[in-house]
Amino acid sequence: MKKLINNPKDFAKETIEGIIAAHPESLKLVNGSWHCVIRSDAGTKPGKVAIATGGGSGHLPVFLGYVGQGLADGVSVGNVFASPSAEAMHEVDKAINNGAGVLHLYGRYGGDIMNFGMASDLDEIENIKVTEVLVSDDVASAQKGNENKRRGVAGMLFAYKAAGAAAEKMLPLEEVTRIAQKTVDNTRTMGVALTSCTVPEVGTPTFAIADDEMEIGMGIHGEPGITRTKLQPIDKIVEKLTDKILTDLPFASDDTVAVIVNGLGATPKEELYIAYRKLKQILSSKNIKIHRKYIGEYATSLEMAGMSISILKLDEELLPLIDAKCYSPFFEQSR
Amino acid sequence: MKKLINNPKDFAKETIEGIIAAHPESLKLVNGSWHCVIRSDAGTKPGKVAIATGGGSGHLPVFLGYVGQGLADGVSVGNVFASPSAEAMHEVDKAINNGAGVLHLYGRYGGDIMNFGMASDLDEIENIKVTEVLVSDDVASAQKGNENKRRGVAGMLFAYKAAGAAAEKMLPLEEVTRIAQKTVDNTRTMGVALTSCTVPEVGTPTFAIADDEMEIGMGIHGEPGITRTKLQPIDKIVEKLTDKILTDLPFASDDTVAVIVNGLGATPKEELYIAYRKLKQILSSKNIKIHRKYIGEYATSLEMAGMSISILKLDEELLPLIDAKCYSPFFEQSR
Amino acid sequence: METINKNTLKKIFESILSSMSDAKEELIALDGSMGDGDLGLTMCNGFKAICDEFDNITDDDLGKLLMKLGMKMNSTVPSTMGTLISTCILKAGSKAKGKTSLDLDDLSDMAQAAVDGVMQRGNSKVGDKTMLDALYPAANALKNAAVKNKDMFSAQQDAYKATCLGAENTKNLKSVHGRAAYYSEKSIGRRDPGAVAVMYIFRGIAAVFNK
Amino acid sequence: METINKNTLKKIFESILSSMSDAKEELIALDGSMGDGDLGLTMCNGFKAICDEFDNITDDDLGKLLMKLGMKMNSTVPSTMGTLISTCILKAGSKAKGKTSLDLDDLSDMAQAAVDGVMQRGNSKVGDKTMLDALYPAANALKNAAVKNKDMFSAQQDAYKATCLGAENTKNLKSVHGRAAYYSEKSIGRRDPGAVAVMYIFRGIAAVFNK
């Protein structure tokens, strides 16, 4: 294992310590616990719906990087690829609640679902109104018709963006929740992995993959994908991914979309742009208009090599929410 | 070689095609050549000094990512780790010149120096005033006293930032040049590499390094560093790098600085924050104040794993220039 | 010993911890083959945290005590099984509220509440190849024992045997939850790690009681 | 053939290309051991581009012709040697401006201009273990031949032999420029790849002329 770390056990904790040391004007801890990170101005905007997210470490900028203005208000942080506790989630909820209720917005993963469920129970005891939306954009993780079994991956960015902008507009909890759910319903993602990542405490790669192989649809913790084949030219890969995405929703001619070309960790930005080049050609040929694009690392798996493509179908309601300005130390949109 | 690419020969060209497809509102080509990329509004601000940069591909966001408002005006783009031609540089200079002259601001590398030299000759024939500043922040690349033999690495960001802001303030060429040089003189960088990158056209790793080794001071093209040792905990590595940097300038108590913790490509952001955590502890203990920090990928070597630390000593002149807003599709500073 | 007081409860958790420690490597291997291999660690760490915390809790109300221990376990090991076992402890605790000693009827109610809690929290049912397939038979065994007025020793032996059978039977089932679900068909023929962990929990409980 | 016209110039570049193609693997290996191994490719691609471009250029002025060919080479292979060789061609071209035929005196002037151009562009001097250590002796040989009124064939033989000796002598020198400089002391004992490339250029030139 070749990593720039100290004791593997301290990986997640020291990451948060570094982040808080770097961005004290934007982020702070609840009760000094590294498991609970909130906006430095959280809980100070009466009437604004608060958005809580959370999940395992190792995916930066997911999840913590989407805590900021026009985004989420707080995050509970687990160890690498492991859910944070219900208690941490509950502490975050208490700290960010502005009296208008809390939306739990997170990716569909077993452990997270259970803990957010327990946290909701704890919230209710203290009369905090809670709703939840599970991001589930990964087309590869369940067949069409089983959308509600799909995992959440890079498309999370869209959900944070739209829900965060809606909350900033002072919409009520039901509306923010509806918009988050609608954004999730309109988002599809497909990815490809070239190499495994290594969980620091484990010390060995999560899975084995040959030097000339790739796996389409692999999950961001190394969950098995759809097919493992010989590595192909990126144009061919983008064709495959895009085809799956477009037929699943389905997207149609004259649609306006936002796209993410997301690097999983080790893939150079150059390659992401080569992928975008092809994606744009395909969408243009189908008369689908790219209104906004995000090309970079938006949801990672430590040092995994690979990438994913996400497409969000926009309408008059979602478009201005995606366009809205936002700021976090990890994700800034000023135009 | 595991890369998301098409024909390795087309790597640099297709990268640029993707970038231009993605960001037509910010960037455009000169005469349709992928070797020449300029701000879409280049050459339209009479009296503003134009800043030209350039170099080999494979380092995004260096160099192209620093073309934008408050940054550089144009870039000549070579193949992977290879200089662009003097002709490309000259075409860029012609296109971005606002009549106030052009500053060639680039990293100290043999091929680039010769080509920018030839480009200056060509510029002179057409009466374009040219100055040049060579970024040379890499402490590892030459002993103290030989600062003018050092290579340019991540510290480039500071030079673009300060010179770009100075040009935006409509300072004359001599002043912009002086500020760029002063910024370079006040910047020091040290890096560590854990793995090699692979040049697409070559297809095999540039250098070999054992699974438990690291190399301190390795260059961003795989140039030999200072020492190769067993991999150490990141806190120890940061101590070593910071020590070299601080004694070289030297930095002193009460200094105010800006820092970059830069990932070379494959290193996760989590690790960069663990490094920042230690860097902050060290600087605090020496009473050096971090005024601004950049933590992420600012100068890469394809998929190399590793990182570098850069420190810039600020004064009343440089501080507001580093703080100035800027925008490129790759580098946005709105606060 | 036909009732359980605070002192017995402490012995029970210590006995579970020791049972789990013995099974650690087996659980790691089981979970490793279809999941992420953390199960042996999370179970040991979770019950260790409970044992360490036990004496810090001054409540004599066993319900409150269990609630606090459940929360402790969850914040220590918020993995799937960690969360489900802490759910079991919390739900069991809610049935024990106000009591300072527990008899077999109480235990039967508490086990049933744990089963319901897991089904709700995990959105799962018996036959899904999960820890429920060991927990549900154990709750049933306790209920039957209570109805038949069996003594505590026999009741706990019945419960443990039920988990053994239940865990063994998961071999024939197909995983539909958690990481193992990604292997679906391939999971047939192997025991579910969570069910095996439940078996070792009941082995630990049973060991506290003698004839 | 005591003067060189446009037609001869074309033959010269074609002959250099063929000489370079024969040496390709040797140059790749030489540059690979202390540099990035691109030298064989860049030299072949560069001279290939010149040969391909040659007929597209209508100028009869050999100076203008050489300037255009030099630019072509630079934009095709802007590597260190590509840029230095194109600098040589550009500088040589500046001395040939206005001429449609070149005699030995012209060639001597042009070679000297090329040497000066490389020293300025590369900020280097004879003895630095670079291509200059082959180019400079060649320029000298041409000057001596011109002074002694030698014929073109002998002059080019002298120049080629001078590059052979010069390239061989680089073995004793220590690299201070380019990638090889990172190996400094270790570079002693090996020939400089750029100097060897210059030798093959002059081998190509010499092959065009016969007694």
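Observations, loosely collected:
Going in written order, the chains are labelled A, B, C and D, and every chain counts its residues from 1.
By definition in this document, a contact is a pair of C-beta atoms (placed from the backbone, for glycine too) under 8 Å apart; a residue touches a chain by one contact, two chains touch by 3 or more.
In this text, all values refer to a predicted model and were calculated from it rather than measured experimentally.
Here the CA centre of chain A is 30 Å from the CA centre of chain B.
Averaged C-alpha coordinates put the centre of chain A at 33 Å from the centre of chain C. Here the CA centre of chain A is 57 Å from the CA centre of chain D.
Among the residues of chain D, none is found touching two or more other chains.
Counting only residues that touch two or more partner chains, chain A has none. Taken as a graph of touching chains, this assembly forms an open line, each chain in contact only with its neighbours along the path. Pairs of chains meeting the touch criterion are A-B, A-C, B-D. If you check the complex, the residues on chain B that touch chain A are 2-7, 11-12, 14-15, 17-19, 21-22, 57-58, 60-61, 192, 194-195, 211-212, 231, 233-235, 237, 265-277, 280, 293, 295, 297, 300, 302-303, 305-307, 327, 330, 332, 334-335. Those residues of chain A lying in contact with chain C across their complex are 78, 81-88, 110-111, 113-115, 117-118, 202, 219, 221, 223-224. Interface residues of chain C, counted against chain A in their complex, comprise 36-38, 71, 74-76, 78-80, 83-84, 86-87, 90, 121-123, 177-179, 182-183.
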